[in-house]
Amino acid sequence: MRRLINDPYNIVEEMLEGFCKAHNKHVKLLENDGRVVVSKKAPVKDKVGIIIGGGSGHEPLFLGYVGEGFADAAVIGNINTSPSPEPCYNAVKAVDAGKGCLYMYGNYAGDVMNFDMGAEMAAAEGIRVETVLVTDDVYSSTEIKNRRGVAGDFYVFKVAAAKAALGYDLDAVKSAAEKANANTRSMGVAMSSSTLPITGKTIFELEDGDMEVGMGIHGEPGVRRTKIEPADKVVDEILGYILPDLPFNEGDEVSVLVNGLGATPLMDLHVAYRRVAQVLEEKKIKIYNSFVGNYATSMDMAGMSITLMKLDDELKELLDYPCDAPYCVIK
Amino acid sequence: MRRLINDPYNIVEEMLEGFCKAHNKHVKLLENDGRVVVSKKAPVKDKVGIIIGGGSGHEPLFLGYVGEGFADAAVIGNINTSPSPEPCYNAVKAVDAGKGCLYMYGNYAGDVMNFDMGAEMAAAEGIRVETVLVTDDVYSSTEIKNRRGVAGDFYVFKVAAAKAALGYDLDAVKSAAEKANANTRSMGVAMSSSTLPITGKTIFELEDGDMEVGMGIHGEPGVRRTKIEPADKVVDEILGYILPDLPFNEGDEVSVLVNGLGATPLMDLHVAYRRVAQVLEEKKIKIYNSFVGNYATSMDMAGMSITLMKLDDELKELLDYPCDAPYCVIK
Amino acid sequence: MYEDFILDKAYFIKVIKDLAEMIEENRDYLTGLDSEIGDGDHGTNLSIGFREVMKNLGQWENENLTVIFKKVGMALLGKVGGASGPLYGSMFMKLGEPAHGKERVNFKEFYEMFKSGIEAVENRGKAVVGDKTMVDALRPGLNAFTEAIESGEKPEKAFGTFLERAKEGSQSTIPLIARKGRAMRLGERAIGHMDPGSASSCMILEVFYRNLLNYKKNY
Amino acid sequence: MYEDFILDKAYFIKVIKDLAEMIEENRDYLTGLDSEIGDGDHGTNLSIGFREVMKNLGQWENENLTVIFKKVGMALLGKVGGASGPLYGSMFMKLGEPAHGKERVNFKEFYEMFKSGIEAVENRGKAVVGDKTMVDALRPGLNAFTEAIESGEKPEKAFGTFLERAKEGSQSTIPLIARKGRAMRLGERAIGHMDPGSASSCMILEVFYRNLLNYKKNY
């Protein structure tokens, strides 16, 4: 294990303590719930509350996107594990400004169960909470509603948060999130597993020099396992799944996110981005803007995912809307 | 090797192509020199040119810090290897606005030789180029002038760039950089080596489960090699070197940078940050602001460094000065 | 016969403590099963949950069985998260209801406890037998337990059947494709692996069973 | 004797090609040496440089020796970077100067070439013998070459002495603490390791030597 930790049973609490201290201009820990990171600006008057969350170990996802113009709160579970219902509910209580709240998270069974219980608890007090599940990972299922959420979270959260920041009501915010999700597709490749602090071991075995295309950020199996191939070939294969899926067509305009899973250097991500840009150019798909870096990780996993969101004027405006969160500042 | 690359002999060029495409709102590649990344705003009228650089493999260092309010150009060498004199010179030609230029880079013999030759070439054309070497790594030498530069680069570059953006002349910008450097101290710990694309091997061997405190970002040996210790103990040891070195005293105000070397999760960096904050609080050293993330990496190296910069009013103002670079946006 | 077979609070407290111990012992084994077809944390999740239970059990020991199990369930629900948090959380929360606020139960009530707990798992997770989840162990086990009770089997024998059929159910998950949980997205690749939740369910039942066999001797 | 011993362009072109080949063969070995006390890239650096040389050599072959070596040096200077880029870059750039724009040199001029190149390394890097750098090989080697020339040794013998003393100089870096380059910061930990630049210097000289021995035979 090549990790820098203390007692692994305290790791999430210690991370949260460090995070809220380091980014104390943006966020704080909820007083009555140590698993809820809230924006210092929340609740924002007359704004729909934006609540995101899921298991930890994907930083900067979720908590890094809490701040002005972005999420009002992030609910933090154990590593790779959905948070429990109580903090989901406490987040609502903390950020609701009378206009209801939107839960957004990746589509995983555990998350659905826990967040739904949180929403039921809020409903019992008359607070309306709606949910949008992110389902961007094209390889995870043929049926879109069964797909899991990966780095596309970033786009869906960003768009919905901007819509909320503009003062729209819960229905409008929810449909913006749904629209973003409907236009977002991702797929990844893993070249190593990640290390679970409690066991001190990797989640699964992936021999040095091997890769698995289509693997999920929790190590869910993908298309096939093979020797690591040249970056361009890997990008081509991934785009071969993503592009026809929506589909993305000639003349479309997209935002591109080349996401690192944790241990893959920015150098490699940019090599891969270069190929993405080449392919899109060939296909006459226009790149509106791009993000390259660690946006949704799996701790120390080596790997990369590519996400495309097809844009229209509304999505562009929402994507460009200023925000100021610890790990996403847009001027 | 768990890397995503094509022909390793092209990796730097491919990275630069991807980088300048992905961040084309901020930067471009110099037309006559493929190793110089320049800000789209450069040359900025009546401003001292800020030129940073060094070997690649430390991304987002150097090229990620090119942009408005930050560096005007970054000169990019091969992996872990200083750029050659020609691009150092070409960078000057590209960004000089008649007020001269400041070279800033980490103190490595190769860099000094090459940048000095670049400066001589510029001097031959009557352009004044001054140099500030960053020497923040406390463990690398007892003599400050022999110390190497690591993540402290970020602070020194940021401060000098802000001073330049405020319109000061080359002497003033240079002394701001020197002041930042004089007040900055770093030290790191490595838990793995990084992988060199051309050989496909790690630079050095570090067994899984071992760590080396004080190691440099190119794998230069440190204090001692031992089993990985708890994060808090590692932080305490590092601070034990950093704090007395400047020294940082009760009542001082500092900026804290907990930097990941590439493969260490944000989770662990925040666990470490938490301990840094605790120790500084005990010592009554006030934290003015903090940066936690991958600021100066060594590709896929697992490890972390801690940097403190002691602040006064001027340094605070310069640190807070807005900038808009691909990997550093300050509002 | 069942009315005379009384299980007191000491039995249940002992079971809870043994559960916590059993989970620590099997943490890495369960996590290993979950590595094959899930996300490699099932043992870790339960370990986090039962450590929380053990941290607080001392304070709950004066409560009645209904309250104790409710607290155990809430601790799991609150600390575990994921899929097994709400599922086992609900199971334990409901387990104590048939005790109706008492400090001891007879064997009939003991049976009702499992019925109540397992139904809670089904209500929460909406899985049915064959989905490759813990329900594949719990439901057939419970059905066998019900039959055994209805045909008047001796308590130990009846619970033994419960456990045995649960284990068979757990084994039966091996050749299945999953229709619930994380393994659902694996398709054919889930074949050949036992569902980790079904395995932990059997281990949990086994702790109840072992203490049942020792019960007469100790008390 | 030295005036009659003529080395033509074919010799030097062959040497340059062999240098490129030799560097590829020893890339990982040199990189390995640099891993011990540097940053593990010395072989890689030279490989990047000589690949650039080979990419362009065809276009330079019609030039005179002064220009050819200047181009080789500039390619190294421009592509390598680091410490060895400017050092070997300067060395090769200056190597051709004593050829004074000619296409062939006599052995005296050949000797002057190395004198000129090695002095350029010293001027650029400011290292002296004992600093644990390539100068520890080049300077004693050159001194021996000078003596051999002054005492009228046969050309092959004189260059053999040059190479031999350079190799001894390279070996002599092993027990040293470094006073220049990256290894400088290692203190005592540099002891026991050969300086990689001194090793590559010997390999470079060896290529010149091998071709010198074969020269009469081939041309």
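Each chain carries a letter (A, B, C and D) given by its place in the written order, and its residues are counted from 1.
Keep in mind that, in the parts below, a contact is a pair of C-beta atoms (placed from the backbone, for glycine too) under 8 Å apart; a residue touches a chain by one contact, two chains touch by 3 or more.
Listed by chain with UniProt protein names: A, B, C, D = phosphoenolpyruvate--glycerone phosphotransferase.
Values in this document were obtained by computation on a predicted structure and should not be read as measured data.
Trainee: Could you name all chains that are in contact with subunit A and with subunit C at the same time?
Mentor: none
Trainee: With chain centres defined as mean CA positions, report which chain is farthest from subunit B.
Mentor: Computed centres place C farthest from subunit B.
Trainee: Could you work out how far the Cα centre of subunit A sits from that of subunit D, in whole Å?
Mentor: About 54 Å, centre to centre.
Trainee: In whole angstrom, how far does the Cα centroid of subunit A sit from the Cα centroid of subunit B?
Mentor: Their C-alpha centroids are separated by 28 Å.
Trainee: In whole angstrom, how far does the Cα centroid of subunit B sit from the Cα centroid of subunit D?
Mentor: A distance of 33 Å separates the two centres.
Trainee: Taking each residue of subunit D in turn, which ones touch at least two of the other chains?
Mentor: none
Trainee: Mapping chain-to-chain touches, which pattern fits: line, ring, star, complete or other?
Mentor: Topology of touching chains reads as a line.
Trainee: Chain pairs in touch?
Mentor: A-B, A-C, B-D
Trainee: Which bits of subunit A are touching subunit C when the two form their complex?
Mentor: 9, 55, 77-86, 108-110, 113-114, 117, 140-141, 146, 148, 196, 198-199, 201, 203-204, 216, 218-221
Trainee: Touching residues of subunit B toward subunit A in the complex: what are they?
Mentor: 1-7, 11, 14-19, 21-23, 25, 56-57, 59-60, 64, 189, 191-192, 208-209, 228, 230-232, 234, 256, 258, 262-275, 277, 289-290, 292-294, 297, 299-300, 302-304, 324, 327, 329-331
Trainee: For a test of understanding, state which residues of subunit C touch subunit A in their complex under the given definition.
Mentor: 27-28, 31, 35-36, 38-41, 43-45, 47-48, 51, 77-87, 89, 124-125, 180-182, 184-186, 189
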